[in-house]
Amino acid sequence: MTEAHDFTEHHADPGTPLPELRTALEAVLLVVDEPVAEVVLAQVVERPTEEVGALLREMAAGYDTEGRGFELRNVSGGWRLYTRESCAPYVERFVRDGQQARLTQAALETLAVVAYRQPVSRSRIAGIRGVNVDGVIRTLVSRGLVTEVATERESGSILYGTTAYFLERLGLGTLDELPPLSDYLPDPYSLDEDDVSISH
Amino acid sequence: MASRDPSAGDEIRLPDVEDHSAESFHVHLAQFEGPFDLLLSLIAKRQLDVTLIALAQVTDEFIAHIRSRGEDWDLDQASAFLVVAATLLDLKVARLLPSGEVDDEDDLALLEARDLLFARLLQYRAYKELAAIMADRFAREGRRFPRAVPMEPTFLALLPEVLLGVGAEQFAAVAVRAMAPRPEPVVSIDHLHAPKVSVREQAVLLAARLRAAGQGTFRGLTADAGAVLVVVARFLALLELYREGAVTFEQMSPLGELHVRWVPSDVANAELERWAHETGEIDDYDAPAPQEQP
Amino acid sequence: MTEAHDFTEHHADPGTPLPELRTALEAVLLVVDEPVAEVVLAQVVERPTEEVGALLREMAAGYDTEGRGFELRNVSGGWRLYTRESCAPYVERFVRDGQQARLTQAALETLAVVAYRQPVSRSRIAGIRGVNVDGVIRTLVSRGLVTEVATERESGSILYGTTAYFLERLGLGTLDELPPLSDYLPDPYSLDEDDVSISH
């Protein structure tokens, strides 16, 4: 890859050859967010489980001998990429110093929706916010502000709610102490989108 | 891209390129046949003279194109066409104005207006092309997925304490804002609230005046019009009357006074009689009715 | 050029040798969840920004030639790992809600005007587009592609610009990587764009 992106370059047409099995597996492993069973990976790349399993073990060994910054580990029946143990000092420093202490506006707004609508599914939040919220929910969960509280009976969707840590950060004892929304709704007769959207 | 064939005079040879999806709007003219977008780019590149194009025909074809799609017409396409057609019309008007010698400041202003219109057309065209590049870019980038997975448990505890940055009261205000219904994008119709003006009504009215007076000037016939739209309707009405053979025009100098003379004609009278009896008919020239987004 | 960062030798416990710079960077990149600026990475590994930048470009090129399943890309002012484009058919089976709703033609064209004219007011955009753009601007703002960046001193009009998310969605490092507008305007008219846009 060159530094400057070639803007006029055309995107891959359907005729683009499919990647090698190893390349495809590596791509899928980059986006999985929990250990994935061999059989699932085999289904995704449409190859026999044994072949995929053998290749995964080979890839894991390769990463070790090449001295990659990541390791491919088979944990509790599934495969996932982890940072290499020897790199921990750098990763720790990045996590401690490089991560924002303050929530982004998008994260704060999503947190507000969860707080007032809990228990609530991701798709419902996405509907209210008008954007995909997967990444933001992940951040809120990893920051300990939001947690999975239940599973919707019919759809099987995970429902989210706020944590005790959230209440602590907001300086509240219980959820009942959240200020009622009605106090903050604009007068229905003066309801104007500008009133709603201008917070500052 | 089309290139001009020197042997073809004003004919434009159109190589069969670009994606002609069935959806796109094609025009069929004496000088040009092909997608409207290509017509536009030829005009923008000065490979085709806008004064040679019968814009009325282009418009008729566009209306037919929209009608053929039934309920399924494309608002984006229709509004884009209106913008471009209006600019082309302005451009054509400016191009048809005399340009021999620049005598006074008015002429100079007209020439500048012409250049500005042309530049505006080019600019519109440029952003359209850039938008296409962006769409392509969005599509391609959509095939790459960023690494975005939860932090490994070993590092979770290292994350700095979260700063919400707001108190409970402000948090409620954030919630209200986050959950406020988002306004659905609608096409503004504020500029379309002009009253409907029927060209044929105006034709009947003008015919009555001209029949009585024998003749008149365009200035005089539109003195009581009130709105620009009525002036336009009366101008179109005069063209209709001219087509029916009911009037003749005389103009001594470019941009000079336009004299209209009544020509008694049984055929025209019969037609006018018919128009007078049509009530509530919507003519193609009427102001567009407010259009809700589908 | 800024001063080189103070390069302190490793201070980890003597038992574990520190990894190579490349390995360390690879590990940190595995945990970032938004593009990370070169300077931040340089601070984490305690090396000069120039050295880190050069190595990142080298690593990105290496991933391409090795046919890895991931790409290292410099977008929106920072570096982040992405799945390789050719692997999309496999990755898409894994990513929920991966597809973003497509923008309408009107939204794309308005976005193009904002991108090239920013900071720009709604009325100026409307002048260029020939139609009212209020609804479209609202859509672009709610999608996070466009944001209010300033207020015009004299008129009090809100001025709009594109966001970092816009750059990331387009895979661009900076706005300078957009193709020049002048390439799409014939010569005489590219000279003074400002004259062109005052049509009303």
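In this document, chain identifiers A, B and C correspond to the written order of the chains, with residue numbering beginning at 1 in each.
In this text, contacts are C-beta pairs under 8 Å (C-beta built on N, C-alpha and C of every residue); 3 or more make two chains touch, one makes a residue touch a chain.
Source: prediction; values computed, not measured.
Closest chain to the protein centre (all Cα atoms averaged), using per-chain Cα means: C.
Among the remaining chains, the Cα-based centre furthest from that of chain A is the centre of B.
Computed centre separation for the pair chain A/chain C is 20 angstrom, with centres defined by C-alpha atoms.
Inter-chain spacing, taken between the CA centroids of chain A and chain B, is 46 Å.
Each chain gets one centre point, the mean of its Cα atoms, and the points for chain B and chain C are 35 Å apart.
Contact with two or more other chains is made by residues 7-8, 11-12, 30-32, 82-83, 91, 95, 130, 134-135, 138 of chain A.
Shared interface positions of chain B, defined as residues touching 2 or more other chains, are 133, 137, 140, 143, 145, 147-149, 151-152, 155, 182-183. Per the touch definition, chain A reaches chain C in the complex via residues 1-5, 7-8, 11-12, 16-20, 22-32, 44-45, 67-70, 81-84, 86-87, 89-91, 93-95, 97-98, 106, 126, 130-132, 134-135, 138-139.
Those residues of chain B that touch chain C in the shared complex are 44-45, 76-77, 79-80, 83, 86-87, 116-120, 122-135, 137-138, 140-149, 151-152, 155, 182-183, 185-188, 190-191.
Only residues 7-8, 10-12, 30-34, 82-83, 88, 91-92, 95-96, 99-103, 108-113, 115-117, 128-130, 134-135, 138, 141-145, 169-172, 177-181, 183-185, 193, 196-197, 199 of chain A touch chain B when the two sit together in their complex. Across the complex, chain A is touched by residues 133, 136-137, 139-140, 143, 145, 147-152, 154-156, 158-169, 171-180, 182-183 of chain B.
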